[in-house]
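The following blocks contain the structures, represented as structure tokens.
Consider the two complexes below, in which chain A is the common component and chain B and chain C are the respective partners.
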Partner chain A sequence: MKLDFGQILSEAEARPDSLAMNAALRLLHSPRGLQLARWIAPLDPRLPAHFRPSAKFTLELARRLYAEKTEHVVWASVFVPCELLWGLGLMPFYPEVAAAAGAAIGLTPRAIASAAEAGTPVDLCTYHRASFGLEREGFYPSAAAFVSTSHLCTLAGIMLAAEAHRRAKPFRLIDVPPTFDSDSLDYVEAQLQTLVSDLEVATGARYDPDRMREALRLSNAARAFALELNALRVQKPAPLRGGPMLTVLGLGLWILGHRDGVSHFRAWRDYTAERVERRDPEQSNQKIRLFWLHLRPYGESGLIEHLENDLGGVIAFEEHNTLWWDELDEARPLRALAAKILGHPSNGSIERRLAMILDGVKRYECDGVVHFSHWGCRQAAGATRVIRDRLRREGIPMLELDGDCIDPANVQSGPLRTRIEAFVETLV
Partner chain B sequence: MTTKRIGYTSPYLPAEIIFASGLTPVRLRPAESLSAADGFLPRNFSVEARALLAAALENGLDLDAVVFLDEDDTSRRLFDVWHAYAEIPALGLVPLPRLDSETACQRYAHALVALSDSLAALSGQPLTADGLRRAIDLYNEQRCLWRSLRQRWIEGALSASEWHDLRWMALTTDPVSANAELAARLLPHPQPLSQRERGEKTCLLLLGGMNIPRQLLAFIESCGARVVAEDSEADERVVTESVSGPDMEALAAAYLTKPCGPRPNALARRLERITQLLDERGAQGVIAYYPKFADAYLAEYLVLAEVFKARGLPALLLEDDGESGFSGQQRTRLEAFLEVLS
Partner chain C sequence: MYATGIDIGSTSGEAVILNGNGILAASVVDTGYNSRRAAEAALEKALADSGLKREQIGPIVATGYGRIAIEFADRQVTEISCYAKGMAHIFPDVRTVVDIGGQDSKVIAVGKNGKAMDFAMNDKCAAGTGRFLEVTARALQLGLSDLGGISAQATRDLAISSICTVFAESEVITLVAEGAERADIVAGLHRAIAKRVGAMVKRIGPNPIIAFAGGVAKNEGVKRALERELGISLVIPPEPQIVGALGAALIARDGEG
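On to the complex of A and B.
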């Protein structure tokens, strides 16, 4: 049975002594409880092998974020590379990714309501409204400092800066130019150097070049497995279901540079290779191959399941699982991370993202493209018309689905199902 | 001689560069219709951006080109869509640093030099050091006039509507003509409101985006209140201090360090500025009139509202949906708010 924290929280209002509610919150803040969960959960025989490293990582992360060395926790926007923070011996916390996790376990309706009670405007992206609410409800950890990049999601920077202001903690912005050239690299690298110094002051951490190099080495090792995994997904039939991969990707933003990242991607590579070898795809019914842009609803909408199970559409690959960066240069770690930040395909004008999409569609031999436009995401959904028209000129059909990754009340399942059915019909 | 007209949306762009390149700078402001932008930008995209695009698609802008700055998600995606569908050419996406450090200013100066090359190609008149100096001098003269006229407005010798019209005239006209008109408005010296008259009216701080509609200002005055400070990109956040040097570096620094709008790295500076306006102008209430779906403003308002509450200042948030104008519902809300204040 799915644990619905949202329901538990709603009921808790009527019954403030709710055991479940108290237990959930207490668990998050209990070092021993989290340690116990970390030992027990990965041993659960029902947990598939390729999920064990990530389960171990997540539980260990929760223990360290909430119960151990909380003075080393740094909140960051999703495009601040986690290697930088792991390499400093710090604990990255990504409120946006945590909001998606909250949506998956039913927490976000209550969190969004909580944010509304505090006056958060309803036109803001639900990732950030839910984050604000989850923080109010006590689900987010303490923080020693806040960091954001400037290039994608303007709102993330402002929300993090505001949270830093409320907590009287430092906030730092990494200013990312829209162009990728050596001057921009110098500029971002210099900012990362300053950021490292600022984080040392804010957290008491010390920059150890060997530890930073180790974080990059681990990231590169994980990346190598991820590249192999992505290469295996070129196969027909597609070995994996894309729906779950749209969830796994969030972890990729958090786990790179950590030793569990290597075992995580190795496990997924092995699992996929085995599927390919056995010619045993996760999704047996594959009529059309799709390239998926942006994200998915993380709560229960049934949309992806309908596409995969009923319509025979397989998500062959997802935009956000593209590894856009080169191997990180361990000899110049901050420059390498600057390149990773600058090189994001959605940085700058839409042309870079378009080039990545066209490459992906070609590589994974997709019949069409679906763009799930998260309500409130201006950077991702702002230029979908340009993407659609360009793809059309290339003879690639695209469907845009308007919905919400975080707020299930804002996902109109009926119309979305109808639209995706019609789209699949045209492609079959 | 008629020169080509170059539109720009960002208050961080120095108009001096356009003028020094032999072109007329025109600050764009949102039109009142959005419908032409439907299907090109999402319906939950900043209404200011949609209105600008709508005007361009309906050929409602008499412009030869437009300059976009990479200011935030909205400006970047507006550029993408404009570049793809509008007939008026977009002159690239100028990288605007989000910091105001020395290095950031230098980078911005380089970006502006690159922009001046594109402008020169359009006008056939390369930017020269002398030309830039003359343009900076002209705009510095305009800044003196602007400050003097703003003071008159604060003293009550100019109505909010008059002050609105003068500002937008200056932002959309070549600086020679604009300076002459601003100077002419300074010549007659009408009596400011007396202390007693000023004391009778409720003083308000008005927060806004690119533009505050004239009707809103007039309506506030008709209700017996006075706006004593307008924190928008068309008043308090315009560069009104003289640019200190004659070159591109000075220009870049002046614009990057101007009173800023909501930006992640400038929250403390914003709070200080808003607090200063409240104190200096004696505001008794705050009205935030923000464009709908403008994330930065709405997110920042969460923090500002806490400041107003801590100071015991009543505040009202109105969102402009871009389609209803200054609507009946907004008028009713505003009237009720002002009644509470009076």
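On to the complex of A and C.
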């Protein structure tokens, strides 16, 4: 498809609601457009240095996924470690992360409507409804295979299995037990070995131990910078705003094991260190420090911006930026990745997630906790009562916000603003 | 200077002008479609009652759902903090405040100094709010002020099972068609609200003294149903609608927050 800005603008004039959808669609499918963006965006002097590696990675990814279409793409749920797919020489595609990106640029209302037209039940999580709609509207790339884990989000596996069935492609589910012991490690490692064989058959890729080791080495190098970044965020005042950190975290699920992952986390570490050294926090007005649980609305709700810009609440740290896994053992890559899968704080006993939250609140010296419950997301919202009761016993105030990360129509900004303002008022 | 609070809710707007520790004047107006005009009207009415001129008052704290539209206010503070402050001023021993307004209901845990410590809100739908009563009263061809008295005449427990206002209205229409008594239906509606709000009270943690505010606190039927649900007597200020504006005025006076 040729990129024709004139045509895009004409269509936009006729159908203003579809401007973002059409422009994004045409850009994604235009080799020239992506090539241009690939070179221009990272060099744009307005783009801060710490965003350049991620911009380069995202555009490169888009070019390879959409324009060249020469590589084998594997759709995966967000808890499938991307190191595994990069290490096999495959292109990971995470529909849930892509849905969040779609929400950020205003594509999801039409995508959700498209899913509804196809009869998708409205009480399903909008990450998956929007993904279905975005796929239907031509935004998602072709796939050679589909992979999901069984833990945390059961709907991801169901939706990916359905999509695999529709396209007559293989689907594999990694069954993840709730316990973290040697039996579980053996069990998941064996499944990863089978998965590797299956993906070799499905894609024609060949397992190369050196390439897999390199992916783990890159992941470990990125992790080391991420650990330093997280350590810097302990500082008072908080050097970074949490809002952007909640936005870029999706990239962490995609970039680890890729060379750009190292430069991405190094750039953020350097940027944060500089802020700390200059005592120049991104947010000057910091009355209270918060620990943020789960995700954020990715559309233009203004919620996080209101909290950080107007109310003086700074998100000192976010649950999902916690690095829960140990350095990956490059000598035993599949066992290391099995440990990463099993060790997720929300897998198994709620005590694991609670311990992570309490450690985070203490480490980052937070005055309170905010849990943003995404509509339809049982794995996070299902635990809020237990978390709230435990935090209350520890004397830590918690605010529960109900909303939607993906569907702006399900984010009532007035009531959310009142709740977050009132919470800040109780803390100051 | 006379500290002033203005509370603009979805149904009514209130203004309170303080003279030291006492209320010099208070007003209640309909909000209508324009929050800013409602705020102006509430303030003008209170000024007229007080005999003061606009330039004699200040600072002003705005609260309620329409607070962001009140540009002439010096500060905006949420109704959570204002109801806690206002109710603690009227009843110093109260530790829990229930406020049922036009479009939301809330339960607030209050500290000894009148500071809100915790809260629960129902604002995602109209169930358990004044709007729920308004819609269902219309279906019964009753005025809002008639509901409390009529429910006292109920002779049997009629369950309203829908928590959605729209479906509850349909359910009421069906019950009328089936010949149910209006008094029994209204009492059932009050119990439905009491169950929903009662759950929020239990979530925040009930205290021996619970105060009830907001326009719905004037409804004797809801009060009785809530007392039955919670198993205690509720305390209600003489004018439950102005508690938020009073709290806003007190915060304006004390320069808190």
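Here is the rule we use: the second predicted complex is superposed on the first by the 400 of 428 C-alpha atoms of A that agree within 3 Å, B and C clash if a C-alpha of one lies under 4 Å from a C-alpha of the other, contacts with A are read in each partner's own complex, and residues count from 1 in each chain.
We take it that a contact is a pair of C-beta atoms (placed from the backbone, for glycine too) under 8 Å apart; a residue touches a chain by one contact, two chains touch by 3 or more.
It should be emphasised that the depicted structure is a prediction, and the values quoted were computed from it without experimental measurement.
Undergrad: Touch test for A:V369: chain B only (first), chain C only (second), both, or neither?
TA: Touch status of A:V369: no partner.
Undergrad: Check whether A:P397 is in contact with chain B, with chain C, with both or with neither, and answer first, second, both or neither.
TA: Touch partner of A:P397: chain C, not chain B.
Undergrad: Tell me the contact category for A:E425 with respect to chain B and chain C: first, second, both or neither.
TA: second
Undergrad: Can A:L90 be said to touch chain B (first), chain C (second), both, or neither?
TA: In the superposed model, A:L90 contacts neither chain B nor chain C.
Undergrad: Is the number of chain A residues in contact higher for chain B or for chain C?
TA: After superposition, B is the partner touching more of chain A.
Undergrad: Could you tell me if A:L293 is touching chain B, chain C, both of them or neither one (first, second, both, neither)?
TA: neither
Undergrad: Going by the contact rule set out at the top, does A:Q412 touch chain B (first), chain C (second), both, or neither?
TA: A:Q412: touches chain C, not chain B.
Undergrad: Following superposition on chain A, which residues of chain A contact chain B and also contact chain C?
TA: On chain A, the residues that contact chain B in one structure and chain C in the other are 402.
Undergrad: Can you tell me which positions in chain A touch chain B when the two form their complex?
TA: 118-121, 123-125, 128, 148, 150, 152-155, 157-162, 165-166, 171, 173, 175, 177-179, 183, 187, 190-191, 348-350, 373, 375-376, 378-379, 381-386, 389, 402
Undergrad: Across the complex, what residues on chain B touch chain A?
TA: 39-42, 44-46, 70, 72-74, 76-81, 83-85, 93, 95, 97-99, 103-104, 107, 110, 262-265, 267-268, 271, 292-293, 295-296, 298-303, 305-306, 317, 319
Undergrad: Report the residues of chain C in contact with chain A in the complex, numbered from low to high.
TA: The contact residues of chain C facing chain A are 65, 77-81, 104, 115-119, 121, 123-124, 257.
Undergrad: Contact residues on chain A for chain C in the complex?
TA: Per the stated touch rule, the residues are 397, 402, 412, 414-415, 418-419, 421-422, 425-426, 428.
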